[in-house]
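You will see chain A twice below: alongside chain B first, and alongside chain C after that.
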Partner chain A sequence: MKKHQTGSVIILLLILVWLLIPLAVTIIYSLFQNWTGIIPRGFSLKAYVEIFSDPAFLTALGRTVLICIIPILITILLVLLALFVTELFFPGLERIVQIICMIPYTIQGVILSVSILSMYVANKTFLGNRLVMLIGAYCIIILPYIYQGIRNGMRAVNMPVLIEAAEMLGSSRIYAYFRIIVPNIISSVIVSSLLAVGIIFGDYVLVRNLDGSAFQNIQIYLYQAMKSDSMKSSAVFVVIMAVTFAISAVVLKTDAADVNPDKRRTAEYRNMR
Partner chain B sequence: MAYIQFRDICKNYGQHEVLKNINLDIEKGTLVTLLGPSGCGKSTLLRCLAGLETVTSGKVFLDGKDITEVNPKDRGIGMVFQQYSLFPNMTVEQNVAFGLKIKKTDKAVIRDKVRDIIDIVGLKDQVKQYPSQLSGGQQQRAALARAIVTEPKVLLLDEPLSAIDALLRHSLQIEIRRIQQFLSRMTRTRPWSCPTSFT
Partner chain C sequence: MKNRKYLYLLALLPFMVVAFMYEIIPLIMVVINSFQSDTGGGFTLENYKTVSGTLLYQMAITNSLKISLISAGIGILIAFLGARAVMNVHSRFRRVFMTILNMVSNFAGIPLAFAYMILLGNAGIIVQLGRTMGWDALANYNLYTSNGLAMVYVYFQIPLSTLLLIPAFNAVRKEWKEAAMLLGSGSTGFWLKVGIPVLMPSILDTFSILFANALAAYATVYAIMMNSISLLPIQIAGCFVGEVKIQRGLGGALSVTMMLIMVIMILLTNVISKRFQKGVVKK
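And then the complex of A and B:
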């Protein structure tokens, strides 16, 4: 058994190294001015000082973080409501809803942005606002990930029976759904949201086409940095990765601490026995 | 007039006729057991009374009132399901208190009632545990406590022992009867109403 464990650990470490090489190289590139030989030379924090003292960078980073939140919240709410209706009232429609939610997988960013512009650019209402279009576009591209994640989580919960039990205790179906079902699938919701954060953070095409220079997100800032200074652009990339990791760590820590007490306590109980 | 009345109840699932012209009267305070082979419609009849299934035709009366079209949450009927259906994200205490919270009962009253019913079913040491930490028999008693604490007019037990092993089943049958008889005696001394039980 010990031999197998050692072998498994070695394989995991090799995979980890392989996956982290690009990030490690980028970090080194952002810290050293010259790397033409084997050993990089000219350690400097100049790139980081430059970006963190640039108000445009901090604004772009803040905008990107903020623009993640609204589409994710909207899409989660819509998917939860859609699944509530299909699971309880129209189970036959579930397949159709799934197909519709999977369609955005096939839509390229350029096609989506051009389609949205052609439909809404002349609209005089709030739908003609570029930022609203961007939020709508993000809702569309993250929809498959949010839907699949939540739907898979719901498969582990016997929703109709739990809702019936709550109804017999005097609860309405919608209250039972948000009070009992959703807390049991919160891990799926969180994981799907983190995936959506990664997608929105990495978007360049949609924001460039829909908002142009009016809404500079971190990817546009990165693109402009790449044109001027490779050390600076590496630093921007490292900061993007660090922020994404930080968001994931905070959210996953919250998930482990608060939600799914059933799983956590089950694990604690098993450890006690 | 009987407390529960089924009048010409018919229930079809598509072309499949599950219940045909069921007429049944049940007096208040009785314990009624439906026996029959699997698939004969026992659970369907219980679910029609609970309101979880709509009848194809016929009427259901409870305490003289026609409840055929009434929502399940408004019928005042408690139910213990085959799979117990305890809420996984809540402790035993929270599960039992759920129905009382929905009714916006006073917190002190909830605390007292939950404590009393948990004592009655013998789960005093498990109040803070989650359903996954309970044995099958404990889950069944928690589900029973949850259904009883809201003082329903009728208590439905849909094959509550089917998921229990044979050895435990006999002792739990006696346990259910003990609880039902205890509640029947308690109505004379404390404000616990004894539901008509239908299993």
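And then the complex of A and C:
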């Protein structure tokens, strides 16, 4: 048995080394000015100073944060309203809402973006605005996570009983839903929002196809920097990965008791390519 | 009272409007467009003829199939070894391993492409290392070919596939293994005759997810290769973005082709998976 364990440890260590080498190398790369031989030389934080004093980088960061928040707020509101109707009044419609929310799991960023683009590109109203298209597309891409998060939260608090209790005490259903249920499931809403932030933060496909390079988010910034200055872009890389890992660490920590975390993460993964 | 109930349906309206505007109708339009000519006119199969008759698109289909199958296959193999090993190690190490997998599973798209260019690009660190050390395999590594690119695909398949397979290994009971050992089977024999057949449905499911994952990968490839490789997602995006005139019909036909490949793969793995489940029940 002991021998068995050593073999297993070696396999896992090999996998870890394989997975961590690209990360480690790029981090080291961002910290040294000269790495043409085997050993990197000239430690410096110059690249970081440079990007954080570059207004274009800071705007890109700001844009990314902004484009994360708007679709997430919209989607949370839409799903809360929709579930309010299906959970309390029309349980028969629940299935339809569920299917609509799950379709984005299976369609890919490329197909979703080109289908939205070809539909609205010639539109003369605000619908033809590229930013509106992008926000619409993000709302759809994050729909499965927000839906599942809210749905799981509702299951966990045993919603029918809570609503019934509130009604017996004389409150209306609307009041019970928005003042009792929603505050109670806020933690699952936050976790799913963070997952959504992770997706939008890592997105390149949708923003590139829908906005070209007009809307320079952090991924586009990295893509453009990549061609000119690799030390600077590795610093951008480190910033992006630090944010991504921080988000997933928080999600992992709060999400540990989640019913089916694997499934969620699978889909998240797929949409980010 | 009854009327008031229907009034609540209004709250469902915003959700439905957004879902139809940005999900349902655009997708239906893609399918409809694929049967319409870009120059006008009614129903036509012309776009599908172009897809099946043009070398560029034939290559896109075969390249996409090839790279998806290869990377999913290698991904499954490594995941199998990894997930099996996870079951044998101390629980603390297991947790560290799983945490790192979870973190790395978010490492994708442009950043991943960039890291691989630093590592294995023309002047990449490892390529240089290979040159100094005289290791030809590394020194001559070319990231910018479809085989070189497959490495990057394999990279993003590993965390996903391992995370997906680990729960399945919980179903392989220690008792079975002990029983097989008592009956004189070795470890390899056990896995070939008992372990793998039991796991087969999960392995196939994971395989089809990996396949879909690779088939649709766009950002990573685009960042490394630009348009110099013909893959389905690249060709699809090419029909809509950057061209003077959008080719709705052709792009639609390519999109439908990609979705069909995905559906066929899911059906295929489901059919094979059912076979294995039946076999297990019979025994």
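As a convention for this text, the second predicted complex is superposed on the first by the 207 of 273 C-alpha atoms of A that agree within 3 Å, B and C clash if a C-alpha of one lies under 4 Å from a C-alpha of the other, contacts with A are read in each partner's own complex, and residues count from 1 in each chain.
Keep in mind that, in the parts below, contacts are C-beta pairs under 8 Å (C-beta built on N, C-alpha and C of every residue); 3 or more make two chains touch, one makes a residue touch a chain.
As the structure is a computational prediction, the values presented were derived from the model and not from experiment.
J.: Between chain B (first) and chain C (second), which, if any, makes contact with A:Pro183: first, second, both or neither?
T.: first
J.: For A:Leu117, decide between first (touching chain B), second (touching chain C), both and neither.
T.: After superposition on chain A, A:Leu117 lies in contact with chain C alone.
J.: Spot which of chain B and chain C makes contact with more residues of chain A, would you?
T.: Ranking chain B and chain C by residues of chain A touched puts C first.
J.: Which partner does A:Tyr145 contact after superposing on A: first (chain B), second (chain C), both, neither?
T.: neither
J.: Is A:Gly109 touching anything from chain B or chain C once the two structures are fitted on A? First, second, both or neither.
T.: In the superposition, A:Gly109 contacts chain C only.
J.: Return first, second, both or neither, reflecting whether A:Phe57 touches chain B, chain C, both chains, or no partner chain.
T.: The answer is neither, since A:Phe57 touches no partner chain.
J.: With both complexes superposed on chain A, which partner does A:Val85 reach: first (chain B), second (chain C), both or neither?
T.: Only chain C is touched by A:Val85; chain B is not.
J.: After the superposition on A, what does A:Leu169 contact: first (chain B), second (chain C), both or neither?
T.: Only chain B is touched by A:Leu169; chain C is not.
J.: Once the complexes are superposed, what residues of chain A are shared between the chain B interface and the chain C interface?
T.: Overlap of chain B and chain C footprints on chain A: residues 262, 265-266, 269.
J.: Mind listing the chain C positions that touch chain A in their complex?
T.: 5, 8-9, 11-12, 14-16, 18-19, 21-27, 29-30, 33, 78, 81-82, 84-90, 93, 97, 99-112, 114-119, 123, 125-126, 128-129, 132, 155-156, 158-160, 162-164, 167, 209, 212-213, 215-220, 222-223, 233, 236-237, 239-242, 246, 248, 251-252, 255, 258-259, 262
J.: Report the residues of chain B in contact with chain A in the complex, numbered from low to high.
T.: By the definition above, chain B touches chain A via 50, 52, 71-74, 77-79, 81, 83, 85-90, 98-99, 102-103, 129-133, 146-147, 150.
J.: Show which residues of chain A lie in contact with chain B when the two form their complex.
T.: Checking each residue of chain A against chain B gives 157-158, 161-162, 164-172, 175, 180, 183-184, 260-262, 265-266, 269.
J.: Residue numbers of chain A touching chain C in their complex, please.
T.: 4-5, 7-9, 11-12, 15-16, 18-23, 25-26, 29, 35-38, 74, 77-79, 81-82, 84-86, 88-90, 93, 97, 100, 103-104, 106-119, 121, 127, 136-137, 139-140, 143, 198, 202-205, 208-209, 212, 219, 222-223, 226, 230, 233-234, 237, 240-241, 244-245, 247-249, 252, 262, 265-266, 268-270, 272-273
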